[in-house]
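The following pair of complexes shares a single chain, chain A, combined with chain B in the former and chain C in the latter.
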Partner chain A sequence: MNYSGIPRWIYGLAVVGGLFVLLPLAAMVLKVDWTQFIPLVTSESSLTALGLSLKTSAASTALCLILGIPLAIVLARRPFRGQRFLRAFVLLPLVLPPVVGGIALLYTFGRQGLLGKDLELAGIQIAFSTTAVVLAQTFVALPFLVVSLEGALRTAGNRYEAVAATLGARPTTILRRVTLPMVLPGVASGAVLSFARSLGEFGATLTFAGSLQGVTRTLPLEIYLQRETDPDAAVALSLVLVAVAVIVVGLSYRRPRHATTPVEAAV
Partner chain B sequence: MLLAAGSLVAGLAGCAGSIGAGSTAAATSPAASASPQLSGTVTVYAAASLKATFTKLASEFEAKYPGTKVALSFAGSSDLVTQITQGAPADVFASADTKNMSKLSDASLVDGKATNFATNVLTIAVPPSNPASISSFADLAKPGVKVVLCASQVPCGSAAQSVEKATGTTIKPVSEESSVTDVLGKVMSGEADAGLVYVTDVKGAGDKVKGIPFPESSNAVNTYPIATVGTSKHKDLAAAFISLVTGSEGKKVLGDAGFGAP
Partner chain C sequence: MTFHIDATLRDRKLDVSLSLGQAETVAILGPNGAGKSTLLSVAAGLLRPDAGSARLGERVLFNFDGGNRVWTPPHLRGTALLAQEPLLFPHLSVLDNVAFGPRSAGASRAYSRDVARHWLDEVDVAQLAERKPGQLSGGQAQRVAVARALAASPELLLLDEPMSALDIHAAPHLRRLLKRVLTGRRALIITHDVLDALMLADRVVVMEKGRIVEEGATKEVFRRPRSPFAAGLAGVNLLAGTVTEDGLRTPAGAEVGSLHVAGLLDEEAEPGRPGVAAFPPSAVSVFPDAAHGSPRNSFPVSITDLEPHGDHIRVRAGDLAADITPAASAELGLGPGSHVYFVVKATAVQVYAA
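Our next item is the complex of A and B:
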């Protein structure tokens, strides 16, 4: 028998903690008007919003991978001056209210923003476009990928990479054949979490991208708007988002029991 | 001033008959010795567009009735209705449209009848430089002009829709926001060339935006009703606050902010 060493009262509080999360979700499920559920979630505006949400979240997850993997590798593998500050700033969107992120993005990519004027001269308009939604989602989701991957990289260590280097492999080859295969589960769970965070993004999108059906109105914005006139529709759509989130988070925590060795992963 | 306060209190005593009941704080003022006095905290839930005016009226109320406090909560009218029907401890509800007040009275949460106390009309808001050279309502329908509106689900959006319908104009907005402050924000930051907001929003924003009034706005006049919430435990205070808003003090403050008379 395993000795768990957990005092009994801890279980009591743990149960309360679990209920604290589950009860509001249950309350929402109870509020769903099931006879109207299908028509509510398959209305044109709902499907458009869901489609847009899935598309933009996929795009921002891709962007997170492109930008986040190099960032995580640099943070995990090369100690440098100011690294702590860089890490703190990269993680900032995790704790920043999304509306603040939206304002920051507005003053960067907006028409009057830091880069906006040059972008406009180049014929690129970001404000009120689907691109703005993807940027807002990437901004808030990037830290999830970086944190998840940096942790995986540190845990894996760099012994195999060192061996590969002594055998004459070039850095890019090592990255492709050793490092990335070794931390693939970390990349995967980071990507899934980024996708989930993108799907739920609301504040930065509302502030930065606006809200127009089929262009910038993602599912959370649609829920916020429906709530004004049709609370039943808002609840039904919320449930859809909860379901998607449960599936996504469920996927990311289905990890292998023991860490894959690079040899296994590389084969 | 004192006389006015005294007669108001007396008038209230006649209809409410609960002045002083449940009062806990004992403040002493000249009015106190003459008639039963008001004390305690009155909680006012008011539409977001009333923020500046009601904040001012609240301090006038506290000055007029020493020993009272006004707790203010501002949000979109429909949010406030939801909160009140879910049991939020509001004494007074001031809505930005009659529709949301009806929602509350349908839930039997309005004491007596609501009183209309102000009106508001739409205006075109543009950045101070007016980059798209907007001068009329019809200009908003021009191609290439980035116009931001409220979504039709919220009062400012349905007002915009009424004007569009009445004038036969079709505006293709680049964004439909869920609150009038979001529309104003997009114009202030220069992201949008123009937006439809209320006259009072432009006035409140100072020189950050320019307002362009248009005659067609008379097709959609928003009426603001105020009422005592049925579950209020401070109906005497609520009635006194409503009298202040609908009385001469209220008319002055609201008029200065650009609201029209009901």
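Our next item is the complex of A and C:
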């Protein structure tokens, strides 16, 4: 059976779609001044921004895992009143302009914010600090982890958990030895996507954390800044970000193949 | 040390009361949707009943009848569940799957693995210990699942059609294994198979529409079934009605009027009391006209189906069946819709109390 049933004109549009993504990237690569590439990307400000981006993205990915795994489990496993609203709100950052998210965070954790006022009294300042960068990135990246993991949990079903319970396993043991290992590929791809989203975060970070070199100026902010003064440096740094993103997405799309096989084999 | 459950679940129309002795295996039979699996889920603690109580030895599994409601979560019940599918944890080796129960109970890794090896040996799959579940055949996986359930040393083993997902070669193997390991254990087993009930169970209960409609010693239930489902499994024709001096009178139905069935009354059947008349399809002859001369029964029927049955043809007419030779069938020119008479000698009909 070789018949695909795809009309010919679909191929034409698919090619246009592919080019639409690839062409801008190619245009950027063509614009890179390769003789200056190494000095540009290894300048002090670039390395500082790259280091900060990697550190804060790692931290926000960890925070996404800590908050997102319980959220996904609650959403996937037990129906409750208002569950649809909770899901809708958790997913909101996916469609919200990041700059709006930044403003919302500012009114929560800023000096005059909802929680910020009390934190200020306790001597903790979050806005315009590295912590603010992590919070901004977590805010926009959390839905990626929750969506990916909730899907994996629903696919796996809860029959294995039921069997584990009748074998004498406490709920925490079941979570540790059955649920999480079985959805590990979902956790991994969710974490990778969260990391990638954190790495590219710009709007919420700029609004909520500002752009202080070494403190809150991540790579996307550095690129935006350089674009005004030194376009060649901006292009070179953009290429670095593209490379990191390609590696990360490549990792996450290799995984799902493994994700389904053990579960399917057991059924 | 007995198990007793008394549970009502309105959603699923379950209303059941059942007791098991110390080392008794009870088979639960019944049509699909009778509530058999629901009963097992309630016993295992995977479903909450609306009312009732259950205890396993000294342990109260749940009690919703008194003032303070008691609920023991599944992991503290000592009721291991074996389902149609093995449901082995795909990420653990066979050995660690079986060691899961003792490990969850707090035993050390080394000790749990020793226990697991013992049970893998017991179900004849010790050589598969290092494999992953994905590398096992269906029969092997179900054996490992049996070992895993037993390794948790349950006080009550719940088996939900453990053989139904296996191919015809693997099922007898597992049935023999279950016969061996269930001896001296307390277990509830759901099955659709007479052979399972006869080989594995001391007692059977028949469930219909969420209720127990018949229960008794396995051999007794199949020898003298009282419910249509048990009669179907036992392969006998069953007519229910009121016992008379020389047989049984059925109530007038929507399609057929009241029938008198001549038969042999057993000593407990009392005239005027509810009873059933049972006779095997092999004792039924098929005639184109009413047969007279007593003592015999002649029921006018309309044939619904014909199907091969061994070297005979089984002729079905509603709930009744007759086994005749292919030659006889051809001679009578039988087909669905034919109007014929099912004739059976009174001496072949057993009438007993329902």
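By our rule, the second predicted complex is superposed on the first by the 252 of 267 C-alpha atoms of A that agree within 3 Å, B and C clash if a C-alpha of one lies under 4 Å from a C-alpha of the other, contacts with A are read in each partner's own complex, and residues count from 1 in each chain.
Just so we're on the same page, contacts are C-beta pairs under 8 Å (C-beta built on N, C-alpha and C of every residue); 3 or more make two chains touch, one makes a residue touch a chain.
Since we're looking at a predicted model, the values are computed, not measured.
Applying the stated contact rule after C-alpha superposition, one finds that A:Thr229 touches chain B and leaves chain C untouched.
Once chain A of one complex is fitted onto chain A of the other, the partner contacts of A:Phe37 are absent, as it touches neither chain B nor chain C. Shared-chain residue A:Leu212: touches chain B; no touch with chain C. Applying the stated contact rule after C-alpha superposition, one finds that A:Arg159 touches chain C and leaves chain B untouched.
Across the superposed pair, chain B and chain C touch chain A at no common residue.
Of all residues in chain B, those touching chain A in their complex are 76, 78, 82, 146, 148, 151, 153-154, 173-178, 182, 185-186, 189-192. Residues 44-46, 73-81, 83, 85-92, 100-101, 104-105, 132-134, 141, 148-149, 152, 154, 158 of chain C are the ones that touch chain A when the two sit in their complex. Residue ranges on chain A touching chain B, taken from their complex, read 106, 110-112, 127-128, 206-207, 209-213, 216-217, 221, 224-229, 231.
Chain A contributes residues 159-160, 162-171, 173, 177-178, 181-182, 184, 261-263, 265-267 to its touches with chain C in the complex.
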